[in-house]
Amino acid sequence: MLNYILNIGNFALIYIILAVSSHLLVRVANQISLGQAAFFGLGAYITALCTVVLDLPLIPSLIIVMTINGLLAYLIAIPSVKLKGDYFVIATLAFQFIVYSVLYNWKSVTGGSDGISGITFPNIFFAKIVSEQFVFFIINIILTIILMFLFFKLQYSMFGKILKALQDDEISLLAVGRDTKKFKISVFVISSAFIGWASYLYATYMTYIDPNSFNIHESIFILIAVLLGGTEKMRGAVLGALFMVLLPEILRFIQIPDMIAAALNQIILGVLLLVIVFFRGNRMFSIKEE
Amino acid sequence: MKKILEIKDLWKNFGGELITSTERIPVLMGVDLDIEENNLTALIGGNGAGKTTLLNIINGFLSPDKGKINYQPKEKQILINNIKPNKVTRLGIGRLFQGTRLFGNLSVRENLLIACNEFGIEKPFYNLYSFRRYNEKMKSMNNRIEALLNKLESKELLNSLNKNVKTLSYAQQRIINLISLLLGDYNLVLLDEPTSGINTDDWEIFEVIINEMKLAGITIFLIEHNMEFVRKYVQTCYYMSSGKILVSGNTNEVLNHPMIKKEYLAIC
Amino acid sequence: MLINYLLNALINGSIIAILAVGFAMVYNTTRIFHIAYAALYTLSGYLFYQFFEITGLPFVIALLLSVLLTSAVSLGCDILIYRPLVKKNMKSHPLMIASIGLLIIINNIIVLIWGNSPKIISQFELLNIGILGIDSNRLLFFIFYLIILSIMYIILKKSHFEIVMRSMRDNINLTSVLGLNVFSYRTRIFIFSGIIVAAVGSLHSFDVGVNTGVGLPVFIYAFIALIIGGIGKFEGPILGGFFIGFLQTMAEYFLSSQWVVLTIFVVLLIFLLYLPSGIIPEKRREL
């Protein structure tokens, strides 16, 4: 029983990291991205490299994952932030499909659809005393809390205020001397870099990864988690992530047969999306009512 | 007197790549304009004359097809023909747009904090890795804002600092726009119809703000339709019609010019 | 063998071209990123399967029923979801999210009704001619697709739809003030685009079968075709569609089927960054 709860807990924390990282991009900077799963997946494969091949401890691995994710995000962002609204979304979609395609097809490096197994969590000495899953959970909580603290501080600093202003009136922001392009790129880079934390935890937890966990449906899943929370405040993303992870368990608990549980789960999410759009619509994206 | 901005033979046509050259519409045709330092210079003229376009070009939102803009703050001389708007601002040129443009999802205080132009503390995570300096700057910005509002005796703004900026009246929002120009570190400010929509009761604070700008050594260049205001405060006038400067000089001379009296003031 | 590939390129190209036009009808006018369109494609495939394979109705009847029901659902998307949101003055982001919601709902209702496993329709030869390694059914469908494409093109051009489309996109309020019944146009748009997507979806389902994953890739190709071809005139998506068809097939011929997706998306990115208005750009007044 305890293991079951720890398992849910671990997934919940991983998705909280995904949601909080994406929250900055989607809710504060107002850019919809359908490419978050690509960074999630990329980070996971880099984690595999760090642990399986290089056998590095926790912190250096995290740094490497963050750096590579961030670098790639930077390269993608530079041309993409010039694109308006829908076109930016398509660019992120294109990125998502390209990364998935590479992960799936570059068999020699990524193992293709076979995936990579044997990704283990670096040795922590007190793993001998308590169950390994419990140790993982503690580290997971610590990392999640640190991340939430960082993003909280970011959102409510002058940087965060500029991001909010950017949503509202980009021209005025240019007129007060801010390089709006730089800010848009920064958000994208920060968001993608920290998704790497979730990648690391996911890969070392599952010990096995394959491209199917990082496809467009996963990107939509992450987006929904951020949007379901409903508000611009970070706690919205946390609640959204929790809900996404718990919903399938609730359905299982009330004994909906597995066959229809998955589909029903999705339908509930779809309906909730519609409900949110109906009731919070433009306010979800701080769009000016003209 | 020293000139802070010299516009020489400026031309601007509208028309994108997809429109043939026969469809290009000339908006500015050979504009020459000088702005003297610490002076109040006004650009007057009918609607559609090209005045706002000129401001947009100085600011960097548009680039001229031909001509030069020389910016001369302090001892330097800089050509600002093709510079992005955020860089132009950083050189010390501020802008007030037509109507009110504020950050509607932020509070009054937050709008003014941004106006303080403390670019250095806006780096991501600066408030963590450099928290002491960040907190100092935040404190000094807030002090500056409150000191200025007290000096201008703007009780209403002082009381609404933490309210969302959209809850304020049009006049108050306009005043926030003007006060913002005092908070950033500007040498020259470009104002697009600052008094439009403001009735004479609120002029007092405008007067105070303009005086503050003069004291701070800020040169003011404005577009105005309000002739009472122009007569009272402006030293030099340029009259623009259909993209050309037709008359320029001392305000009294210009406003008493027969052509202007006939074509423009009659409508005013 | 190259001829075989080229013919396939044409056939695939025509499918994508038709779908791109169908999507363009909605996107160009209403500015809605109607990603639920993908689910309609999937739905039509399953409906055709249901009527033809399970219920055993004749080919044409099954096709008509599938088209009818799919356009009804398409119209439903607009009347039940999009229009109320537009009335509430929702802008493009929330509308896109709503469409994603619809996509998820429709796709999963399909799973609830028909289950997760792919469906195949038992084949029969509609006509007995095989040409150059392409079976006669496909060839027949290709002719059908070309007919659909031509009819659509003629209708759209003759009805001055492009002009209405541009005016609806640029200024919807002005359009209604000028007396054009915007909502009546919307109804026609959604029905028509539903018909298009269902015709192709059903035939394709007969051709290769259907599963829950067919909609999204095909939709994405249609959208890419629209971007590459250009928004504004209907020549754009048609050209874009054939371009993608050729790109797809040529990538398969010269590289291998693995790298098709990558190639197409890389080309898309190049277009987005360097030629965002597409091959046939729309003339817009910049003022």
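Order of writing sets the chain letters: A, B and C. Residues in each chain are counted from 1.
Throughout what follows, contacts are C-beta pairs under 8 Å (C-beta built on N, C-alpha and C of every residue); 3 or more make two chains touch, one makes a residue touch a chain.
Computed from a prediction, not measured in an experiment: that's the story for all the values here.
Centroid analysis (C-alpha atoms only) places B farthest from subunit C.
Taking the mean of each chain's C-alpha atoms, the chain whose centre lies closest to the overall C-alpha mean is A.
Here the CA centre of subunit A is 42 Å from the CA centre of subunit B. Spacing of subunit B relative to subunit C, judged by their CA centroids, is 50 angstrom. Computed centre separation for the pair subunit A/subunit C is 31 angstrom, with centres defined by C-alpha atoms.
Shared interface positions of subunit B, defined as residues touching 2 or more other chains, are absent. In the complex of the two chains, the subunit A residues touching subunit B come out as 150, 153-154, 157-159, 161-162, 164-165, 167-169, 171-180, 186, 190, 286, 288.
Contacts from subunit C toward subunit A in the complex involve residues 33, 81, 84-85, 88-98, 100-105, 107-109, 111-112, 115, 216, 220, 223, 227, 258-259, 261-262, 265-266, 268-269, 272-273, 276. If you check the complex, the residues on subunit B that touch subunit A are 59, 61, 84-87, 89-90, 94-95, 97, 101-106, 110, 113-115, 117-119, 121-128, 134, 138, 180, 184. On the subunit A side of its complex with subunit C, the touching residues are 30, 32, 79-80, 82-83, 85-87, 89-91, 93-95, 97-98, 101-102, 104-105, 216, 220, 223, 227, 259-260, 262-264, 266-267, 269-274, 276-278, 281-282, 284-285, 287, 289-290.
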